[in-house]
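Next come the structures, one after another.
Shared chain: chain A. Partners: chain B in the first complex, chain C in the second.
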Partner chain A sequence: MADRKLSRLMQAPAVILLLTWMLVPLCITLFFSFIRYVLASSIRPEWTSPSIENWRGFGNYLFVWNNDGFWLAVYNSIFIVTSIIVLTVVLGLAIAILVNRTFPGQGIVRVMLISPFFVMPAVNAVLWINMILDPVLGLQGIAVGGLNEVVATLQDAPLVGWFFSLWPELIPISFRASQTSAIAVILMVTWQWTPFAVLIFMTSLQSEDQQQKEAAILDGAGKWSMFRFLTLPHLARPVSIVVMIQAIFHLSLYAEIEIVSRGNGNKNLPYLIGEMATNNIGAASATGIFAVILANVLAVFLLRMISKSLME
Partner chain B sequence: MGSIKLENIAKSFGDTEVIPPLNLSIDEGEFVVFVGPSGCGKSTLLRLIAGLENATAGKVIIDGEDVTNVTPSKRGLAMVFQSYALYPHMTVRKNIAFPLRMSGMEPAEIDKRVEAASTSLNLNDYLERKPGQLSGGQRQRVAIGRAIVRDPSAFLFDEPLSNLDAALRVGMRLEISEMHKQMGTTMIYVTHDQVEAMTMADKIVVLQSGVIEQVGSPLELYKSPCNVFVAGFIGSPKMNLLSGEVAAKYNAHTIGIRPEHLSISDTAGEWEGVVGVSEHLGSDTFVHVHFDGSNEPLTVRAGGDLELEYGTKVFLTPDMKKLHRFDESGRAIR
Partner chain C sequence: MAIVAEQSRFSRVFWPALAWITAIVIFFPIFWLVFTSFKTDADAVKPEFLFTFTPTFENYANMVDNYDYWRFLKNSVITSVFATFFALVVGVPCAYAMAFDPSRSTKDVLMWMLSTKMLPAAAVLYPMTFLTKNFLGIYDTKFLVIVVLMLVNLPIVIWMLFSYFKEIPKEIMEAGKMDGVNMWGEIKEILIPLAWGGIASTALLTFIFCWNEAYWTVRLTTTDAATLSSLIEGNRAPEGLFFGRLSAVSTAAIGPIVVLGWFCQKQLVRGLTFGAVK
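Up next, the complex of A and B:
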């Protein structure tokens, strides 16, 4: 008994530190979300200092709730996060299974596969939007331009010219436009995070029981059945780890959104909070609390879905 | 249904030849046991029959049909693994139903068969549990159930009882023998426990480094082992093997005499020795006698009541009719 008390006592500093670490910012955010608090106001200078006298109740929350920009940001957050998760899990599974076989040069291939993960997010975004997706100077622009040129030359060719003259000229897509900028973010983050999924799935694939597979072969299971009934359930836990971690990380995407389009059309919750926080701290805090709630709802929902669909 | 024939079957892993070409035929309905020391290729031979391993040369023939290049699931065999190899995410019911589901059987028919198998194996109370929530013996039953439902032409067992404790092992041994008698299906059973081999088999195949040393019924192997290896491997406690001068007296390079065929006396006999450790099992006493003609003490099986002081001088006499003689190459002289 005394031992337990002593060990509790020894743990206490760490527990207290962690609790403060979490609770203090959360409490401050909660407090700010219930008061009027702006950084600069010439009409109401009393709002520029955080004080309980400026109590606004749920006013900030209502203000945010009735703001179209907020709902667009919620929608964008969910769209971006779930798309990235689905793509990385599917790609990660496929690549992990491919790379898990033995083949010459597998060591190098595995290292190269991991490398995107070591690129800084901002650098990743700059590389993608300028060098790959740019409609004029990027790979996309060059590829589309090249294709158009080839088609144009073929249109002048004898015999087959008529066929190619039916082809329309290809137009490169601008990924900085408000309709497509979220897609660009999804592409670049998927590229960067697929290695993470591959890494986790690969270690898990290596711990698969070989005798179970042999039993399944004797039981008449084909490749697909073995994947569906043995490998997928075996990977259920790693998949949920990948989903959870990515949900946490990607709900707070910022650098990519800033670099791709300055939030034009693909504003997510963190970006919106950042914009609001240039002046209206109260509203920004309320949005932050909404973001916390959204993160929890999303996490619970995703985990339920995984355990239901993978564990039979 | 259920006769298996191996023709010059051979297996090498890279450069190492694990099984040199061997021939074996197993009749329909037979209970065949493969025994041999660890690493002698028992599992490999079983996996060759199952199709989990590709033969380097030779043929596997099941029911007169060459199945050497047929996929494992089409050979109509069911295998029970040492580690059970149950599917951990599925309930017992789903585990047993899995092979039927894979063959595309009607759900109603699947339920009927699973029900029948689980009743015969006393698994009805556990159908909705996962393998992780079962004891070793229950898991073993599930593995057998998964094999039974397929109604295979032969069962292959790879040391199915070696993960169980002694008492459970005896029970399961009886159950498997009972199952064989009832179903009359061919069974091939791998073990390195020679008690299992003796008690269960119709026919024992003794293997050493991939080579079949002898094939025969348990009593045949016990009564007339064809070489020193089989003589030493079959029987418990081991046969006493003597060579040198003692053996020369009997015109042999090596002689062998089982513990139960040595009589012990304190007055007169063939060989004189000193009593070492005595093991009292109640029904029997195993007396270890140190004897000049042998490096190892001779084991003598005597009545349970016999009590001999450590260090007492005794005389041993072999039963001449039960004496085994072997030549220089280890082969039996008949």
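Up next, the complex of A and C:
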């Protein structure tokens, strides 16, 4: 068939572009990961240019492997992605079921619910960390301050004063530190992506077979068993898609981490690589290769999981 | 639905009320951003002006002086429009061939394309900077941003188009072939008119993704090609000193896209789930 050739030709530009985009920088990273290469060094100026003579073998990999910061970043990456996925799926399901009914103003409610998804990630982070979570100037600080004031006034009140004097003074939490910045990141990304889950689950709920449900009611099925045996299986596919899409997007989370803690807080893998790349390119590249391996393991796993439902 | 039991009065009021409250809570941060943008920088951090204040437009009026807003907006619009356009130019023929003339490897190629999205961008950041700065000399140009945005979104574009094209009956295309229309004619005369809705929603979503992209656009530009993402990330520092003006410029950066998003909710679901959820 002559068409076969034409068909190949039509796919060629996309395949070649993506292959180049994937392979060329990756090969350079691979090369850098095996040499000593730093951007600035007064003691060993010969290391500042990428050259095969500075071959280090697996030295960079060993350096990274034995680095606590690396394992912490791996842990943070997985912790952040998993938390976001679990939260968005659970919240998304609850909200989708809640909204999936006719009530006054449902159109407006849906528009409000979906809006966060379209907010630019940089704006999302700036908005949350400054105007909402800031311990002094943000809403958190203002709320905590206000509460403390109310309690202080009540302590002077007759009769109930003794009760309120037992209350400790509330202290606002700073979300820019290393114990809490991951929480802030999880919070803001969950806020942004829950609408996405809601939208997909809602669409899926609307396509549920109503006749099947009616038949189940006639058979005396309870609400819970209907949810458990009809709705949940029906939602299996949208859930797996929500998980996959989010894994794709959140493994490379960067802007939020950068804006929230600027390196003082929890770092994930992309952030750690970026930080290393300000000087030690060799180590950054080795970390990058580890990140690629991690992503590939996940990709194979996730794509297996959903390839069937996508290809139908 | 007559068979479903009458809802009690309680649940008729309670669940909608809960739905409204949830929506208001979720929308609140956006409301707060817009609300704060009408306060002066000084008022924005004072608890006594939390809800009562004299609204002002000065943050918007000064946006150009404070942030050089138009330049970033122009860059965002240009790069997003062209990246979307080129992604479609490359994506439509590819998805067309995959949908109407699939070979044994088509499935694997599609999966491979999707897997390129999972590659951590950070792993190749330095090589990209190195290549574009030292070898190609295109660092911080709109051209580079357009190319990168196009490549980043190409897998999703092809997937979305593929899922739309797949639904067009093959017979229609075959009929075109009988009439002696060649392949390009087929695309132009039959496919594009039939799949117009799908192509348009793909374009819309790609545009939104390009607009919001915050990794490559920030890290491969400095001044000339910097987009709105760079503007916001670059001005995150002043911690509270400039809540008012920061809110105004943030509102101006997300406004067009959020409104655009409202109109394409349905397409979003279909597009992002590649037609697996309808």
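Rule of thumb we're sticking to: the second predicted complex is superposed on the first by the 285 of 312 C-alpha atoms of A that agree within 3 Å, B and C clash if a C-alpha of one lies under 4 Å from a C-alpha of the other, contacts with A are read in each partner's own complex, and residues count from 1 in each chain.
Following the convention adopted for this analysis, a residue touches a chain if its C-beta (ideal position, glycine included) is under 8 Å from a C-beta of that chain, and two chains touch if they have at least 3 such contacts.
Quantities reported herein were computed from a predicted structural model and do not represent experimental measurements.
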{"item": "Partner chain in contact with A:214 - chain B first, chain C second, else both or neither", "value": "both"}
{"item": "First, second, both or neither for A:146, with chain B first and chain C second", "value": "second"}
{"item": "Contacts of A:291 with chain B and chain C, given as first, second, both or neither", "value": "second"}
{"item": "Chain B versus chain C as contact partner of A:259, first or second or both or neither", "value": "second"}
{"item": "Chain A residues touched by each partner, larger count belonging to chain B or chain C", "value": "C"}
{"item": "Which superposed partner A:229 touches (first chain B, second chain C, both, neither)", "value": "first"}
{"item": "Set intersection of chain A contacts, chain C complex versus chain B complex", "value": "214, 217-218, 311-312"}
{"item": "Footprint of chain A on chain C - complex, ascending", "value": "1, 3-5, 15-16, 18-20, 22-24, 26-27, 29-30, 32-33, 36, 45, 47, 50, 90-91, 93-94, 96-98, 101, 103, 107, 109, 111, 113-128, 130-131, 151, 154-155, 158, 183, 208, 211-212, 214-215, 218, 228-229, 232-233, 235-236, 239-240, 243, 246-247, 250, 253-254, 257-258, 260-262, 265-266, 268-269, 272-274, 276-278"}
{"item": "Chain B residues touching chain A - in the complex, by the definition given at the top", "value": "50, 52, 71-73, 77-79, 81, 83, 85-90, 94, 98-99, 102-103, 146, 150"}
{"item": "Residue ranges of chain A touching chain C (in the complex, touch as defined)", "value": "3-4, 6-8, 10-11, 13-15, 17-18, 21-22, 24-26, 28-29, 32, 95, 98-99, 101, 103-106, 108-123, 125-132, 134, 136-139, 142, 145-146, 191, 194-196, 199-200, 203-204, 207, 210, 214, 217-218, 237-238, 241, 245, 247-248, 251-252, 254-255, 258-259, 269-271, 273-274, 277, 281, 284-285, 287-289, 291-292, 295-296, 298-300, 303, 306-307, 309-312"}
{"item": "Touch list for chain A against partner chain B, complex", "value": "209, 211-212, 214-222, 225, 229-230, 233-234, 236, 311-312"}
